[in-house]
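Next, two complexes with subunit A in common: one pairs it with subunit B, the other with subunit C.
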Partner chain A sequence: MKIRSPRYHRETPQRYRLEAAKTESGKVYFPPRVYYPGGEKAQPYKMSDRGRVITYTVIHTPAAEYSDLAPFAVGIIELEGGGRITAQIVDVDPSEVKTGMRVKVEFRRMRTEGDEGLLCYGYKVVPE
Partner chain B sequence: MREVAVIGVGIHKWGELWDMSIRDMFVTAARNAMDDAGVDHIDSMYIGCMSGGLFAAQEHLASVMADYLGVTPAAAARVETACASAGLAVRLGWMEVMSGLSDIVLVGGVEKMTDITGEEATFALSTAADTEYEGYNGITFPGLYAMMARAHMEKYGTTLEQLSQVAVKNHANGALNPEAQYPFPVTLETVMNSTMVAEPLRLLHCSPITDGAAAVILCPLKLAREKFKDHPLVVITGSGHATDTIALHSREDITTIKAARISAEKAYKMAGVGPADIDFAEVHDCFTIAEIMVTEALGFFEPGKGGPAVEAGETSREGSKPINTSGGLKSKGHPVGATGAAQIIEVTRQLRGEAGKRQLDNPRRGLAQNMGGSGGSSLVHILEVR
Partner chain C sequence: MPDVGIVGYGAYIPRYRIKAESIAATWGADAENYKRGLQLREKSVPALDQDTITLSVEAAKYALKRAGIDGSRIGAAYVGSESHPYAVKPTGTILAEAIGATPECHTADYEFACKAGTEAMYNVYSQVKAGLIEYGLGIGGDTSQGAPGDALEYSASAGAAAFVFGRGNLIASVDETYAFMTDTPDFWRREHEHYPQHAGRFTGEPAYFKHTLGAANGIMKKAGMTADDFDYVVFHQPNGKFPMAAGKRLGFPREKIETGWLVPWLGNTYSGASPLGLTAVLDVARPGETILMVSFGSGAGSDGFIFTVQDRILEVQELAPRTRPQLDENKIYLDYGRYAKFRGKILRNK
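And then the complex of A and B:
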């Protein structure tokens, strides 16, 4: 599937800088939303780049865009101060990934797409 | 409000059907359902299909199918809630008949999944998750359920053997279903040594890629009593539908499927029954961990006891709560947009006493649970024989 640049660049603040939103009650929404449940007000919130692995898997049969990377680890990461992301866990042998492992978010190249060879970036996590 | 009966069911042999188009499959299942019911027309129809566009490069299925089924100008709509699309079609048809708007409504689903490569299909399926914040980061559907499996295993001690026994049981049932894609038994050893897909899930913990369609005819119970007397009367007594967050990582607890629980609670309330009153069920075993988590969410077993229940044989055909007598998605196949209707067909056949070699002993009340995505939507229907 080809990503056209408007669709890609809309997500830049989130993928490049982990920009989220925090509501008055302290709940973190990533990405920020147009409307928050209960009509709560929210302020821009930059999520921490430190967190820990809640759960993970090692993908052996990826979608076409990631076929060059397999096998690779992907997990749900809970970030310090709130917010959860799904991210690839890299710079570590997938067999050494563990639940509870502390990780740091890094800015990485994800893939190239489309006829124009659009370079796509985003976040991955590495062991801290 | 009118009570709604299931008067016809239609399906065909599922598999990698390279000689059949998306319209061939749906029309075959739909004609079989109309013949089973003995109806020569329909007032309207709802067609579940997750992605005619990505899988078969065909949208506007409402008109495609009304045309090729020869029922134009009948009203028709294609509806979508990912892998729960046909469950939604059933619910919408049930609502239309119950309300009095129409009398004879065809509900069903179809998916043509083998016209594209496996990698393309993996991508198409991944769009049922959060494309920008899950799929973009490389997670696949097996991967999402694998992460749920790991969390369930770490919290409750659910074992790989228990995950594998779901597949062994469902293949044992599917071996007795001539319409199943893979109608043969598998051993525990085969499951546990199959190709790794997304750790800890292996190939035989996953439902397959399937071409197939299924269809059901609904009408008011009163009309069924007067005109459609060829089969024991099966009535939809409860229907429930619920949603949850699109991304798995947004949920507070990933060891339970909240949408399944809430959709079941709504259906139980409507039918005036509880989990103990259900004789058997077809549930959405897209991955074997899903069957374990759903049987817990439906209230059949306490949280964390779904795995031990499979191990003890409680969910086998001879057990206290038979699950997926059709073979489930695992053995029967999983053409994603059609699965919810096929579940209604199996429940109806069991209640009619028409389930052949896999027939249970005189069941009176069955349940069908159909799920979209990683639990972002769930539909539950309760059916009873009158």
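And then the complex of A and C:
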């Protein structure tokens, strides 16, 4: 399945630069929203590139376009300073991934649309 | 003392490696020939989700960290590579977007075989010197290609180095530059071909040595310096033997070459090769030390730079991962089968 250029382009601030929003009470929203709970105001916030694994699962039978990468781990990562992302955990044997493991965000190619389509980039995490 | 030079640098080397023995065993070759003759022991391999853009972005982030500036202050971002992921669509736009340099940023992709990285550095330096931009990024990065079974397969590797150039607050001043170039058909790749062709031994004396020695002698003459005036020298390193031979002919002792001589363990990162040698030197250099850097790109030409290391180097060396630990630690070795899969060398159904 091919991603449409407008959608890919619209998401680059988050996929490329982890641009989030932080409310007056210090809560981080990723991606930013139009309205925040309780009517709070929020400011743009760039999330940290360091964090730790909160939980993860190992994918052995992914969608066809990710089959070359299997098996791989996908985890929820809590970033330093607030905010959580769901990200693939790469450059590590999935059997070595542990809850609480420290990780670093890296810029990686997320999808390759055959020989003709877009190359889609974004964030993954690697052991720190 | 020149007030334009490097204000930040960064290196990125993938974790995956393949040993010369694994390649030689597949093709019935003698690994010792490559290890002893060309001094190629192992090489880096990009992960399945890495390419010139991802390697360059990581190196650029480290360079910005050492420069202590935000990406939005980068006025030009040039990436030199012979493995730009798109045939038509710039590497530079994706890189600039990822580091937050858009939209007020000039980008261009450079190609000149293994010299494209220093071309990017030269042009960013020139723009800063001309006063057109405050800061700029010059990057050399590649996920280079070598045909299966060819001698190049033992060397073609992956990595990137990035340099922020600016005025003032330097970690290394640029004291002199020089370019030496002729039309020499030693190595090429035609459009739509996967792997480059090379002219065997013709890549040596008439190509690598003529231009490397020409640029080194030319820049030293221009600066009124000799080999004795330098603490370090970094050459392009297509294999382990060539830079050592070039150094010897120019009168540099082995110890002045070794710090920036990464190729036996890294392979040839093409556009990233001499730039990564420079990051390895900057990792350990002390204020006041002088560095000669000479790149080489087939086709053919060499760029020369003379740097003097400044006091601020000591404040930035620890701010991002150093080059040598990335090369020596946390390695993941691949067998030839996985390497072939990683590099897209297996014929598959679409």
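Criterion: the second predicted complex is superposed on the first by the 125 of 128 C-alpha atoms of A that agree within 3 Å, B and C clash if a C-alpha of one lies under 4 Å from a C-alpha of the other, contacts with A are read in each partner's own complex, and residues count from 1 in each chain.
Rule of thumb we're sticking to: a contact is a pair of C-beta atoms (placed from the backbone, for glycine too) under 8 Å apart; a residue touches a chain by one contact, two chains touch by 3 or more.
Small disclaimer: the values here were computed from a predicted structure and weren't measured.
Undergrad: Assess the superposed three-chain arrangement around subunit A: do subunit B and subunit C clash, or do they fit?
TA: fit
Undergrad: Examine A:Y121 and indicate which partner it touches, taking first as subunit B and second as subunit C; both and neither are also allowed.
TA: Only subunit C is touched by A:Y121; subunit B is not.
Undergrad: Check whether A:T57 is in contact with subunit B, with subunit C, with both or with neither, and answer first, second, both or neither.
TA: A:T57 contacts subunit B only, not subunit C.
Undergrad: With both complexes superposed on chain A, which partner does A:Q43 reach: first (subunit B), second (subunit C), both or neither?
TA: After superposing on A, A:Q43 lies clear of both subunit B and subunit C.
Undergrad: In the superposed arrangement, does A:T12 touch subunit B (first), subunit C (second), both or neither?
TA: second
Undergrad: I'd like to know which partner A:D68 touches here: subunit B for first, subunit C for second, both or neither.
TA: In the superposition, A:D68 contacts subunit C only.
Undergrad: Output check: A:D91 vs subunit B and subunit C. Expected answer is one of first, second, both, neither. What do you get?
TA: second
Undergrad: Which partner does A:P31 reach: the first (subunit B), the second (subunit C), both, or neither?
TA: In the superposition, A:P31 contacts subunit B only.
Undergrad: Of subunit B and subunit C, which one touches more of subunit A's residues?
TA: Subunit A has more residues touched by B than by the other partner.
Undergrad: Quick test of understanding: once the structures are aligned on A, what is the angle at the Cα centre of subunit A formed with subunit B and subunit C, as a multiple of 10 degrees?
TA: 150
Undergrad: So, A:F107: does it touch subunit B (first), subunit C (second), both, or neither?
TA: It touches subunit C, and subunit B stays clear.
Undergrad: Minimum CA distance, subunit B versus subunit C, superposed model, integer angstrom?
TA: Scanning every C-alpha pair, the shortest subunit B to subunit C distance is 12 Å.
Undergrad: Which residues form the common part of the subunit A surface touched by subunit B and by subunit C?
TA: 69, 110, 124
Undergrad: Inside the complex, what are the residues of subunit A that reach subunit C?
TA: Where subunit A meets subunit C, its residues are 12, 16-17, 49, 68-69, 90-91, 106-110, 114-115, 119, 121, 124.
Undergrad: Mind pulling up the subunit C residues that touch subunit A in the complex?
TA: Listed in rising order, the residues are 15, 47-51, 53-54, 57-58, 61, 85-86, 94, 97-98, 100, 332, 341, 350.
Undergrad: Subunit B touches which residues of subunit A in the complex?
TA: Those in contact with subunit B are residues 1, 11, 14-15, 30-31, 54-67, 69, 71-72, 74-76, 84-88, 94, 99, 110, 120, 122-124.
Undergrad: Name, in rising order, each residue of subunit B that touches subunit A in their complex.
TA: Contact set of subunit B toward subunit A: 117-120, 122-123, 126, 132-140, 142-143, 146-148, 150-151, 154, 195-201, 247-250, 254.
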